[in-house]
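Heads up, there are several structures right after this.
Look for subunit A in each of the two complexes below; its partner is subunit B in the first and subunit C in the second.
Let's look at the complex of A and B:
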């Protein structure tokens, strides 16, 4: 739940505010404030929302659409009230502005399908609006009233907190049920929720108070200094932060709760689909703490983490495996096959996007085979919950690759689309054959098609360079060799995994002439290369190739030498996400691995590095290659330039619905 | 998790003869005043393994064990006790209950194991490698009392049985060779094919087979039915599986195994080949897979069938010992109330000993650290107890010294006795001024006053002869 909370909090409010600020802002600007006055709200938002932003996520269409409508309807009647206030206090005005936009929805919300969390924010807004009117004069005294206004909201809050509790206490499968039943519970709770009310409202009141105080200060500053907005910004950023969390938390929590009820509310379901699962920010201590409580795998966080990558999960690698092993028999809900795959991920026995994906799907296949619907449950919902719990277990073993995410999404959509009157055995058989088909068509056949395409690009006398041990490229090389083409291969490798050696061994055994070099030598070896074939973990919709760390430098060097770079990637690994760098989303490997030199026990300068606070090791797993350095992407849909990736993503998604 | 647990509780072992009797089978020998079997059962219970099959040799022993379990673990564990004839060996015991085994993997634990290694760890290692057998090895425990004072008795019982010769691959995950100390004479024969496939083998003799195995059920039953002569899991089945791991004769009907080998599906669909190839290429191949692939990566003409034998090596910080000799009995008793005190489940007093509130101590009687006095025991004046376990309802006179010893229940000890490094079984009567050193006194024996014994085992022989 908390994992969801993080980016939810970030995304939704942001979009909402942006959505209505624009229509709402112009009248203000023309009537009263200097043009800059509209910018603070935007700036306000960003500190609260910035932590994730670069990668994020198309706006949830329904919500924003609704809001736009509401906002346009709402703004005119209210703006006159506000006008006297805004000249006095710019900062507070901005905030009220933010909430005013939403306020009209209160009237509509009971009928509309908006999540309960949104009420909370909306219901609050009258308080804000009132205050906005006389904000200059009354500051602290208005809070009690704000608190009173909040009272009706409270019935929502327990709903989220209750589900959270159940998640912590019960095994994941059960919590899902609890989520579904939460509506009933909500009704019962009306009486019992009082103590909670008190508590939250206090926190909120405090937050409001702080924000107002800061806003006042900002206003004062704004008056003093001529450049009002410039001065207000830094002062304002904080209050915005302080003010945001309480409503946002409620909002996101209840959204998460409502997602569980999603089955009953088609609109939300759609919305949920559109928003990719958010990522946890691991530099947020409180959330990490909460996530830890839920975790199946005990994870000790590594010390000496590199500052720039603190938001990524990093654990002490030594501790996870033994813990998981000792808990082997305690984790009853986990299917043995899934458990085995998780163990092998954790131990590093399986790596490589295709292999990990296949292993996971096969485990799911077995799990589905052994699954039986508990009484009084629907297969569709219960199985989805089960799969989700397996997935969260696998994530704890090792973060999912994008290809696995796509495969999971496929499986879940298949489960959701099962006809409700299907027999259990039939449903299971259908799902198992679906999985088989996915493996065969999307992975195996895709690789074959890629091989056919790519071989046409290999000519006699070519010198091909590859990096690491990409499975598709290996197939290409072997097939080209079978066809009798005369070529030479340069296998470039890097520490610490040295996967290239395995590839090298297999190629040499087949009688292909090879050269082996480490990535340090890439610029020396590149001038004799005629083509570079690379694999990819994923290709993002801006054409960025997300792949094994080091791929980017190989591609860049090749680009500098004007050697064509061909990236081989199955289309099921494509993702609509946009990523500009390899910092915001990545995976951290075991730092101990790079501190040691294999086979050289005498090289031990970094022993006990963890005890040295001044030393941090960084073992990145992936990097992002900008599309500029990629000449061509070879996929199962043919050879396309990187700019065509969004097309494939779009078509592929549509097709996936029909599988 | 699809595991079944079989606890081999044994019967009345000959090795422990004066201690065990018809009334006290090996499984019920007290370790810190709890039957030794309870340590295994609680270890398993802690790991959420609650459906157990306990196999006992001998009908009477089975009834005794069954009664005790049903009294102690009602509502906690679901235990089935199976009686098998005596002297069938561990393999025979499994054969006898084979039709009860249904799960994919079988966890076989010896009932005399006292350890705190989580069974899940062994099972997880087994699953991870998809092994045929996984065994837990632990470092050989320190034998004999820490302080000198008894040397004659321990050395003769200590050596055999414990030390194994174990060959491991460099990653210490696979078992390449195993021979137990008894059968190792002068030379160790290692199969050349295994050595060639692995390249490097590490031979260790400081590891002990803890008799904690995970078997693939189909394989285990297959081997047992094919090889009628196999009597012991440890001495016959395990070495056989290890020896034949590169030219497997056992039936592999698990599909996962063949998929991993990557070469058995050559004839089948092209897709399948590619699938297994992708999977195989993704991981660092173990020597098994490399061997199966043949010398130059191409599948050899004849399919090489392999299976994997894994080991789980318990870390040195864990305690692990088997009660398989008299010396081990005293050692474990000493350790459980001493250095491995967390195993006993008792809470120790500030003086690092356990004295039941109902125990009565006379004037000037001292009970040192690492001692245990169970309920209802009475001690006279000026006694001294060091590093010893004293059972329930014992009557101990004045001026008695008990050092490094185990005294079981209902023992009467007269004034002025001195007991060192000995085991005194239940209902024994020691009259005044008896001196025992490194002795074992069988149940119900009466030691006449003033007698001195050193390094002997005393039991009611005449009665046995009468029968």
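Let's look at the complex of A and C:
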């Protein structure tokens, strides 16, 4: 994340780099004796690289590394340089293999998983789901500084051997020069590289891939050896993905193609951008353009957007639905269940955090049921990518809620934790039952527990106020009524959605005494209220309640009247993020809705509002209630003060991921 | 349950003339030594036939074993003047484990549960008793002991933990007194409300450390807490000034800090304490004086009152000196709830905590 931390973690791998870099140096060694040759690269390195390195490299370690160098060099001296063609290619390949073998993790499977995970993260990064997989995100974001830089250093091994190989066919002077050049490039890069500790396995994996590829290319080149390849070689030593030689691109279209797609593409992308922002900022024009190209859902952006909220997506309402419906049967990559859920989000048929989350999980469940691993792919990798693509589709339909992000994070971690040797059918069954358990334990049972807790706070004669139509609060009220408690409910509602009317209707049907008021009357009605029950879309770790717009006002008024505010929220909606206002992350609704008054044709002052440059309408969906206004949070872990949210996040996040 | 033995405890209202008095009040009274010598004598008489050792008590009366012996055991412990009620309960529960004849872990756990339930039902209004029992159950049973193959080793492990917990609870008062010394500076004036043995311990230690301070002691109606506290402090040569409860705001500007104990510390970080604490805290808050609470961690309870009426009420008799007409209602609540925003710090054996940490600790203990 921040540069400081990475540079600190650099230290350890850097020592190892010394070991990795020098094997590329043998050409240099031809000019001088072994002891001197070992020192020049190191000496070269320190000025070029971090000024930290001379201080940080502990002497004993250094010495041993040097020893290692010598030991490892003891093998290669016989090898490259003066031997012709094919045999060298093989030799150099082995050599690089040896070096990689010395590093801790070179097993193919786990790291390949990581590579793919990162690939998928990359895919979904534009939207919000990416932040759902926060930990993965961190890895991905730190990747450009760490992984990419580290990689070339190691990929050097094969590439430099490559140089030597091709160079052999050239006149000696030229070869000498080319060799030196490559070394210099290496050293430069070695200095500037900042490998992350955690990244090593990934980088090594990539280095291995690279070496294999290079070896293939080398073999081919060894046969085809010509001036062209030699000319290409200096370029070959360029950083990062340029390690893949141009000729290879032409030659190895067949086998390497698939491999390349998996391994190389994310690198290119990552190199281009710096640390990616946590979410798509929609006031960044170029990025929006790019996202548009990828988008499945074609949406036209709304005009006259409010300046303060330009970073949030806002589209002309209703333009995309017919278009998507026509594409229903053409859309190949999307699973129909997911597609259906996406459309329903778009149309607004499913609303409410729990309902949306359950619908999404069930769609994923179906998609997993119908999934079959394509040949030559691993289920873990491919399915994660699939889910990511579904998620990015859903994001295009409607930005994800935090609860959905958490659910997706859960699902992905479950996929990643699948044992590799599991049969496909078993894996699918496991995942489906995991999803079922998540829905049951984290959502349905959680609400039941919340209801039990909350009912203990309702006494006879209470007047309870609720705002909007939170599902948990509805269940609390119904349950309390079933228990025979005597209370009255004030349902406060607001335009434009008027969700409270639904709640009101269901409560009155059960015979609960109700009062219905709009939020404008809140300060009038509050003095007779004894408890305020609110729902939440999410609770952030500073205790801020992120909920339906208007909740903050209700909570504030209640606080001013010294009425306790109880927020009911399942623990799976908690998030470790901190938010201070409702501006930086929010969702914009259709502005037309607030300009029209249903059933009143005479109120038409805002008919042509979109054509007026000076008029901007804002229809926010959520707002943030500061924790000061919240007396208690009722969650499935009991009743806690808002200050304890981070404790629950800390103590149970892990468990939730493992279940 | 209570009529098998002449149990003085929960049904003591039968002996008294005042009908609506909670066991809570009796406990307090016993501790304060105000009303109670006769009650205590009764209690002693009731449990007196028990040998000090619980095991023999159990073996001698196998028919009506558990519920009674636990309470008796706890009363046994309570006879020690300095031992808090909850610590007595904890010790009694440890004795239950020791004397248990259970042969399986499950059996033992059930037995323990029953014992702690009977202890709790003995005085439902005491927060520290309930919390102490709950915490004990958590602390003891939440261990890998349950995975031992051998029952006896598991049992001894439980016993070890139980005794450790009893020890921790017993030593808590000393720890807290040490911790709070940093907050008492020379020349300060401390306003004290209610008679908390913990606060007394704190002040005692400060006096022993040759700190110079003055104590304002509220009258503490209806418990008359001023009597024991001012007596004790006078013995220590600490200057004491007695205030009537309504003079708190009047003398608040002279005070540098408020020291109170607590009957229970609730999940929000607020405290439940003797009537009057809330208003003192309010006055102190409005005058920017720090309010310090001394409470052992076994008083942390999983309660979350939203307001004053959201508590199990505990009643006490109030003597107005003159007869009150029957039509006139008397507020007899013995304690109130002070919300966390009016408290500055809590001195506990876990350290000096802000109110919000209480919930963190509780979550870690109970979940």
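The rule is simple: the second predicted complex is superposed on the first by the 381 of 659 C-alpha atoms of A that agree within 3 Å, B and C clash if a C-alpha of one lies under 4 Å from a C-alpha of the other, contacts with A are read in each partner's own complex, and residues count from 1 in each chain.
Operating definition for what follows: a contact is a pair of C-beta atoms (placed from the backbone, for glycine too) under 8 Å apart; a residue touches a chain by one contact, two chains touch by 3 or more.
Keep in mind the model is a prediction, meaning the values are calculated, not measured.
Undergrad: Does subunit B (first) or subunit C (second) touch A:510, or do both, or does neither?
TA: first
Undergrad: After lining up the shared chain so the two structures overlap, which partner does A:486 touch, if you call subunit B first and subunit C second: first, second, both or neither?
TA: neither
Undergrad: Tell me which partner A:433 touches in the superposition: subunit B (first), subunit C (second), both or neither.
TA: neither
Undergrad: Applying the document's definition of touching, compare subunit B and subunit C: which contacts more of subunit A?
TA: B
Undergrad: In the superposed arrangement, does A:604 touch subunit B (first), subunit C (second), both or neither?
TA: Neither subunit B nor subunit C is touched by A:604.
Undergrad: Contacts for A:647 in the overlay, against subunit B (first) and subunit C (second): which applies, first, second, both or neither?
TA: second
Undergrad: For A:523, decide between first (touching subunit B), second (touching subunit C), both and neither.
TA: Neither: A:523 stays clear of subunit B and subunit C.
Undergrad: Applying the document's contact rule, which stretches of subunit A touch subunit B when the two form their complex?
TA: Per the touch definition, subunit A meets subunit B at residues 322, 324-330, 332, 336, 339-340, 343-344, 347, 349-352, 354-356, 358-359, 439-440, 443-445, 447-448, 469, 471, 474-475, 502-503, 505-506, 509-510.
Undergrad: Which subunit C residues qualify as touching subunit A in the complex?
TA: Residues 267-269, 302, 304, 306-307, 309-310, 340, 356, 359-360, 363-364, 366-367 of subunit C touch subunit A in their complex.
Undergrad: Hey, which residues of subunit B end up touching subunit A in the complex?
TA: The contact residues of subunit B facing subunit A are 1-3, 47-49, 104, 118-121, 123-125, 127-128, 130, 271, 274-275, 278-279, 281-285, 296-298.
Undergrad: Which residues, counting only subunit A, touch subunit C once they are in their complex?
TA: 457, 459, 531, 564, 566, 631-632, 637-641, 643-644, 647-648, 651-652
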